[in-house]
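One chain, subunit A, appears in both complexes that follow, with subunit B as partner in the first and subunit C in the second.
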Partner chain A sequence: MTSRTLSNPPGGVLPWLVVALELLTFAIVFVLVAMMRHSAPAAFALGQQSLDARFGLALTLTLVTSGTFAAQGVHSFRAGRLAHTRAWFFAAALLGIGFLVAKLMDFTSHAAAGERLGASDFWDAYVLATGFHALHVLVGVALLLFVVVRLGGRRFDDEETAIAGAALFWYLCDAVWFFLFPLFFARA
Partner chain B sequence: MRLLTWAVLVTASIISVMYGRLGVALALGTVKAITLGLEFMELKLAAREHAAGYVIFCLALAVALAAAS
Partner chain C sequence: MKFQSQKVAWGFFATCMLLLSLQVIYGFIMGFAHAGYDGLHSVIPFNAARATHTNLLVMWLLAGFMGAAYWIIPDECDRELAWPKLAWVQLVALVVTGVTAIIGFHLNWWEGRKFLEIPRPLDFLVVIDVLLFIGNIGWTVWKSPKKSTTSMVLFFGLLAAALLYLPGMIPTDNQTVDSYWRWWVVHLWVEGVWELIMGAILSYLLIKLTGVDREIIEKWLYVIVGFTFLSGILGTGHHYYYIGTPRYWLMVGGVFSALEPLAFLGMAIYAFTMAKKGGRTHPNRVALLWTVGCAFMSFVGAGFLGFAHTLPQVNLYTHGTLVTAMHGHMAFWGAYAMLVLAIISYTLPLMTGRKVYEHASAGFAFWTSNIGMTAMTLAFAVAGVSQVVLERRAGMDFLTVQKEIEVHFVGLILAACLFTVGIGTFVWNFIRYGLPNAPLKAGGERVVTPPPDVSPGVPAVARS
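Take a look at the complex of A and B:
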């Protein structure tokens, strides 16, 4: 269970170490994107015309709902309902896969219109930053599915860390998207 | 509580898109990240230093992004 001690954060020390490093890495990426946005306002304004904020909202809602499913899975685990944990994590992973498919279609359709790496500062930033985030979503989906599979068989030595840690990484994908979204979909 | 958290996150996301301005979207994004941290990441149950560190990080990042944009 969770603890209020400094040496035992909810989810365990190792997952939080990973999350802290990832947050710092993403923070650097976001500040670089913000600086590019400031230095190339025309390219960003033009690029944003090709983005649909409703699509961005759909991606956000997918991640938010998926994160809620993961939280429900952690709650079920602590209540001793492992079958429910597997079901919630699987549902969270499915939404994550949906997010990735949507991003792939997004990249493909923009690339077909010439909106790809090298096209402008906006598209450089968009492809690299959202692609970097999508890579993390891919890892998060893999972690969730790994937990689903393992809970059906050999189980874990430290299940609290494994389950809460996988969920923690998944929440990280949500948290960084909340800062990524405004940089590309919001107007100056 | 998880359903309420989901509702807060969804509502803030919809408002963010409705307004469409960077300042509003960044502010709401920060609120969402902090809500997610306290509830789903369970920082409300963690040592006060951990929770404070995360909240300060989110606020500092929002200020840095607003200043740099």
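Take a look at the complex of A and C:
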């Protein structure tokens, strides 16, 4: 284990800057959801009855498992086994795609029941907040797959940023979901 | 100046000076009208003056961006412009279209859509003109083996700006739907793709003027510009408050508007850091002043003052009041007007060989116009806040309130006079030192070789 300074974090400064700004953005989102819940408690109580906590838990477990795979990929990279990194990252990306598919089905089935953007304050908050998160998952999957494909051919100029940075962004998606999950599914 | 074809930029910059001067005159017409002296009403009614004032602004900023591109692209791509003559044709076409539009406004030939008043037939001419421009610089970039980040960001920024003109032409009978698309043009220009153009021009200027490594400036500046750009896209939501669009835009607009000032702050801090790091070796200090000033004033005007009324709870009261004019004036001045004046300040001495920056008047123009604009912004702020309190809180009638706040426009006119002295000095300097073939006057000596862009002896900055 090498020691690191603040100016030399794992993955480099740039991915951490991204993480910091994303956390700030989502912090604003969480505060906003709390404000909306406060101003429309009935709509939130009603909306949460339509959510399935088991589904939320399944999504959470998918992301956590995927995050573990990405972490294993970074360990392999540090040990110099790039072929293993590719395999781990690919597995992580597959679970990420699974998450996205499940989320898409979730949105379409709710929308079919009239529970869509504009239906109530709850559905505005739910669709926008988890949709914005899903957008990040999409970017995360793209980053992981990019690393997988690229490592098959040339090497990166800056492997630390590419590999550890992509994984860091992937953990960010996990971390944000840990807040979104209880926020919407806790009383479902 | 490395390439002969870069000289076409001069034509665009001269157009900027002309249109900017006209814009200031129309500003005065409206200032006096607001103060109660609307003597020109029968000839130039307020709506015509308003449309002319804002469209002239857009026109001269676009001319400035085009001029900047015709200067920067050959330099970055290390080759002559693909079709220099076409660039001149394109300039003339742009001016003809613009002048037709502005005369049209005075004859009541307009669309009545705020900021996009240009009548539909002229829209198509604008599209053709911009296609010629994009084709010209695009081909230059394409044929060049050297593709720098700056030239690519500049090209794609301009291309995206051209594409985003199109949503404004989507036909609809519905006022709300029309506003919805209109903001795609207006907002996604100024808080979206124009920021890419701004980033590219700022980066070019910082590379040339500070001597800091291109690699460092390009990497971090584009990271910051990326944040500004991304927060700006969904920030469009703050134009959708209370105009008939769904309620969820309050949420979207609120979140992303809160992030926008942060990105601008990052840009201002970054420009200051680079200017400090680079040392004071480049002779054209005034150009650096405009460059860093642009980053700073865009934070104050666009970031800070924009945030003053982009939260839904605040906008409920300030929507469509003079508070918008307060933000709009300093934002456009800081982010885009100063940017164009910066690139003019940098390129003009290289084109003419005369060192305008050695004269005190160059610095005087910078400080006077900036102090004047700050004072104007304060006058708008006082008028705007008074309007909000009287009209939206006390419930007074719109026109009664306009009468009440007339006095603030006297203050505005005084501030605008100061601003005009600064702009007048800048334009006068452009004429005095900018005419390429005019006989030299006393004090303006010809430089045998243009000053080097990067002076030797600049300490290499440690890579992070």
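Operating definition for what follows: the second predicted complex is superposed on the first by the 184 of 188 C-alpha atoms of A that agree within 3 Å, B and C clash if a C-alpha of one lies under 4 Å from a C-alpha of the other, contacts with A are read in each partner's own complex, and residues count from 1 in each chain.
As a convention for this text, a contact is a pair of C-beta atoms (placed from the backbone, for glycine too) under 8 Å apart; a residue touches a chain by one contact, two chains touch by 3 or more.
Keep in mind that this is a model prediction, so the values were computed, not measured.
Of the two partner chains placed by the overlay, only subunit B lies in contact with A:54; subunit C stays clear of it.
By the touch criterion stated above, A:83 is placed in contact with neither subunit B nor subunit C.
When both complexes are overlaid on chain A, the residue A:14 reaches subunit C alone and has no touch with subunit B. Touched residues of subunit A, counted separately for subunit B and subunit C, are more numerous for B. In the overlay built on the shared chain, the residue A:25 is in contact with subunit C alone; subunit B does not reach it.
By the touch criterion defined above, A:117 reaches subunit C but does not reach subunit B.
In the superposition on chain A, A:45 contacts neither subunit B nor subunit C. Look at A:135: by the touch rule set out above, it reaches neither subunit B nor subunit C. By the touch criterion given at the top, residues 7, 13-14, 17, 21, 24-25, 28-29, 32, 36, 117-118, 121, 124-125, 128 of subunit A touch subunit C in their complex. Interface of subunit A with subunit B (complex): residues 2-6, 9-11, 16, 19, 23, 27, 30-31, 34-35, 37-38, 53-54, 56-57, 60-61, 64-65, 67-68, 70-72, 75, 164, 167-168, 171, 174-175, 178-179, 181-183, 185-188.
Subunit B contributes residues 2-3, 5-6, 9-10, 13-14, 16-17, 20-22, 24-26, 29-30, 32-33, 36-37, 39-43, 45-50, 57, 61-62, 64-65, 68-69 to its touches with subunit A in the complex. Within the complex formed with subunit A, the residues of subunit C that make contact are 223, 227, 246-248, 251-252, 254-255, 258-259, 262, 464.
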